[in-house]
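Note that chain A is present in both complexes that follow, paired respectively with chain B and with chain C.
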Partner chain A sequence: MEYEVKLEKVGRKKSLSQRIKENKTWQKASTIVLPLIFGIVLVGLWQTEVLHSWFHTDTFTLPLINKIGGIMGDISDKILENTIATVEVAFFGLVIGSVLGYLIAMLAALYPKIGSGGLSVIGAFASIPVVAMAPVLNNWTKDVSTDANLRSMVSKIIVVTLICAADMGLNAYRGLTELKPFSEDLMAIYGAPKKITLWKLRIPNSIPYVFTALKVSVPASIMTAIVSEYFAEYITGVGRAIRENIVLAQYSTAWAYIATACLIGVVAYVVLMVLQSILLRRYH
Partner chain B sequence: MKEKFEVLTNKKWFSSLLWILLLIIAWEVGAFVVANTKRIPENVLPHLYQIIIAGFSTDKVTGDMTATQAVLSSAAQTLLRGFLGFVLGAAIGFVFALVMKMSGVLEKVLFPYLMLIQLIPVLGLAPIVLAITGDINVSRVIIAAILSFYPVATNTLAGFKSVEKEKYDLMFICAAKPHVIYTKVLIPAALPYFFTGLKIAAPMAVTASILVDTLQGDGGLGCLLSQSLKHAMSIYVFWLIVFFSAFVGILVGKVIGWIEYGVSPWKRRA
Partner chain C sequence: MKERLRKLVCTLAAASMVMGALTGCGGKEETAQATESKNLTAEEVIKIAAESGQVGNWGLGNEYEVMALLSKYDLPTDFLSQDFTMDGFDDNSILLASAMTYNELGLVQNDYDGGYGYGDEIGVIDMNDEGVAMLEDNIFCTKTFAQENPETVAAFLYASFKGWKYAVENPEEAAEICYEYGSSVSPEHQKYMATEVAKLISTNTKGESVSDIGYMDEEAMQQTLDIAKQYVSLDDAAANEAFQALTLDDIRDTSFYDAAVASDGTFNVEKKEVSIQLKWLPDAQFMGYYVALDKGYYEEVGFENVDIVSGGGDIAETTAVNNGTVDFGVTWETNLASADASGMDLVEIAQIFQKSGLVLVYKPENF
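After this line comes the complex of A and B, so read on.
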């Protein structure tokens, strides 16, 4: 390039802090190093009980991290059992709800006259507090099975389903209708029937929106599963275990379950991210 | 006649109305089936009119209050604290996003934790917060604040980041001072995102404050809910609470929409 402007270094050198700030390697490294330092400081404060004095609490209600870890190891088989119960509820609810939400969005996109209202009603479902829904569904599913575990499972799954369906429906509808300019016209010029437009244009366009919805609904499904466990008939699951242990004043055990709940959330999110990077490869 | 009908179906509210009617019909059909097959139908699915009658009846369900009075008075207890937490959390979330936008280092430090806190089921923490604070009102505020904090913070930050480079360039050409860039460009650009965050946060804050009630028998909607479920008082109180909290959840979302409409003039122009 002949027009390239060459900048001569004029005047005094940049200060050390300025040079560090502009260093590429430092910029990359700092995104990992800085949060790590913060995390280590936090763990340090927790372990040395500084955090306890800030919150005016003691090691009984807020046990030290190594103790929580030890308990998690001690009762790992019980934790695993409760984790499976919670994950099952969250997973089935998420899958059924997302499929249902997507189908509703598809209907709304194809028949906007009737469908759009359906979407706003679905949206209203999303703003109904879980605490109101869980006991109602508990009552409704009394006849599903004679097995208390199964029927409370069904009621929990339905609650999660409703929450996820609302989320997916609203996002997928945007994905199915907010198309690139003129692409719909192009399909019309080709004389494509509605079905082809759906398959070749709308559905591919909606995939990124599906993942936007999932990013919200995956953590939400876990949280909903945990809350509906509080109201469920059959005592099982991570959320219920947290509560039962608090009632028994076994705070360390409760903390072990809280840590488990956080782990479930993080693992689910990582799985989602991996799935997204595989499925959305061609979008990047 | 047919044309008139067509005009009607083209109205925006028509399909919403249709769906609400469908829901009501489905509910009533269900109620009829339940009424004929169940021993105590009002536990499972009462008729809607029964719930409405219960709402207006003057029979006392507790010592000195009718069902509606009982629900409203405990709702005031619960929802005011939930609302306080919501406002607090939203304010902190906004400031958080602003600070993260201003300081690159802080953003790098805190952003992964902001992502992480979304994955933590905060409602699972409710009993622990109650144990730490020891006071149900404080824990209501805290839980609602935590729950409203992160959707607002992440969404507002996304809004700050959505500002195009051209706008910065324009501001640079105008020799705008940093605080002018924030007040004229960044904050208006982030407002829609901020309101999206609020809309996500609001039902969660309502849920949270009700849930915290159920942990301790000290009044409040959640407490009333569990008492009524255990048949310590009329089961219709339970149904009233269900409808009331659903109504509050939907209403709060609407109100936030109205406020958004009010403070963003560019929305009215469209």
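After this line comes the complex of A and C, so read on.
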């Protein structure tokens, strides 16, 4: 009898907020609702110019959202053209860089004598600022083609490649080498040759690390593509459009391109997350 | 094991080569054939360079004269983005490169430190001769600032003009003064720059000599605005409409120039500490302000402190003036007009360069 009473008392003590906190449905919903509320509040503050008074700026340098949206609609053709140019560079750089990085990691894991040096080299490359690397590569790729568009593309892709290769190389190396101790022993007990250990153990073990690397290098590839467009010989891309418009004091148009850059980043990240959830299903 | 790894590496290498080949699908164009003839007209040179897509300019608002020139000869207005060196011209990736008479042209011709030493071998196409000249360095501030501080504005112009006058008459000394105030280039190049800048101050687009420093030539300003309206297309529809509707009266005010010229040098300055934002790095392009500062001309008219703020490739001088970071600025008429069209409150108060300093340079052996 007494026992039951106690339970009831405990139940009554729970406040409304506590009960909401413990509600499973709310816990799930809150991961969507809270960021959404934050976003709506931010948009509200922006559109009502409260943000402008906080940061002591004006609607000229920080145009209102409806104005930015209007311009994005008006010049959607141009934006699409520039977006394609930027995404191409980011995508090819990401793919080539990631493959290269993974290969170097594999070399380092299998033949530490040759490969570990490679890891340090790409690590060093990645620490060169893009603003220093882009103009240099621009000059190095002058002989690639007589077509300025093509040689600019090549130089931009190389910059993105170097950045992405380092991310992938360093992460994949951990995935290929940091194995669960018993699994390595197990393979040894079975007398598995090196290549079987590679295919059945090392490579599967590295897949989650590959995605960790991609989570960093996907946004980085887009950022790098945008920055290297600043220096490219051939005038195209979202980054170049942002620069041109800011220098000409066309902030509304510049913001339209900044918004585009954000959209590219978000879409690329969502695509990556979807891919990850499909490919890594058996790990969870 | 090794066999398997080798196969894997080979497959991946092949895959990346295929990808590389796919990105390389763009058509390759033949470069212009070198011919023996070196007596080509400017028009022929421009046509050859434009047709092989090898005309260069920095963009970022510096491109309109080149676009006007290209469409004068019914050519496509595309150009390559030139960096802030003349390497593209040197290695022939740009056949017809943009150069300012007072800067890049000197680097290309002269062989002092940082120069390319081509001497007189190169061909030069002058925008003034081609009738597509647009006015460059001016002095501007916001309309509000000008209204609230009329004496300050007139005094600043008076002292700056005095500095410019001295600099034009003594370019060598002006170059030395600029060099002392944090120069971005060598002393030899600084001297070259000062001599060339002096020419831009004292001759107009038609080649006539001008004695009034800061004079706002109606015809040249109108020509600049007309060319700008033809080639500037702003993506913001509202701003573009406003740009097309601009008249000279919206972007310049001659009353401060008149007041400065008529003054005997005494002013009742409202704001004793002012600053001016340069369009580029500190060098002889802005020698007038450095001379005025060095010789104390600003103090003579009642300023306690004048701050000359260095610019650079990505400095938006219009924004700096509009948001009050600095009081005055140096920009080009087109930049000021497009800034005003998108909502800024700027007005030109004096025109320092009386003619275009932009030329296109080429190596005759490439044509």
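Methods note: the second predicted complex is superposed on the first by the 271 of 284 C-alpha atoms of A that agree within 3 Å, B and C clash if a C-alpha of one lies under 4 Å from a C-alpha of the other, contacts with A are read in each partner's own complex, and residues count from 1 in each chain.
The rule is short, and it goes like this: a contact is a pair of C-beta atoms (placed from the backbone, for glycine too) under 8 Å apart; a residue touches a chain by one contact, two chains touch by 3 or more.
These numbers were taken from a predicted model, which means no experiment stands behind them.
In the superposition on chain A, A:75 contacts chain C only, with no contact to chain B. Residue contacts after overlaying the shared chain place A:99 against chain C, while chain B stays out of touching range. Looking at the shared chain after the overlay, A:251 reaches both chain B and chain C. By the touch criterion defined above, A:243 lies against chain B and chain C together after alignment on the C-alpha atoms of chain A. Residue contacts after overlaying the shared chain place A:145 against chain C, while chain B stays out of touching range. By the touch criterion defined above, A:271 lies against neither chain B nor chain C after alignment on the C-alpha atoms of chain A. In the superposition on chain A, A:188 makes contact with neither chain B nor chain C. Contacts of A:280 after superposition: neither chain B nor chain C is touched. Touch criterion met: A:110 reaches chain C, while chain B stays clear of it. Shared contact residues of chain A, touching chain B in one structure and chain C in the other: 61, 135, 139, 142, 243, 246, 251. Against chain A, in their complex, chain B makes its touches with residues 9-10, 13-20, 23, 43-45, 105, 108-113, 116, 118-125, 127-128, 130-132, 200, 202-203, 206-207, 210-211, 214-215, 222, 225, 229, 238, 241-242, 245-246, 249-250, 252-253.
Here chain A touches chain B in the complex through residues 30-31, 34-35, 37-39, 55, 57, 61-62, 113-118, 120-121, 124, 126-133, 135-136, 139-140, 142, 216, 219, 222-223, 226-227, 230, 238-239, 242-243, 246, 251, 254-255, 257-258, 261-262, 265-266, 268-269, going by the rule given at the top. Of all the residues in chain C, the ones that touch chain A in their complex are 1, 4-5, 9, 12, 15-16, 19-20, 23-24, 26-31, 53-54, 59-61, 79-81, 83, 87-88, 91, 93, 234-237, 239, 314, 316, 318-319, 322-323, 335, 338-339, 342-344. Contact residues of chain A toward chain C in the complex are 58, 60-61, 71, 74-75, 78, 88, 92, 95-96, 99-100, 103, 110, 135, 138-139, 142, 145-150, 153-154, 157, 193-195, 198, 231-235, 240, 243-253, 256.
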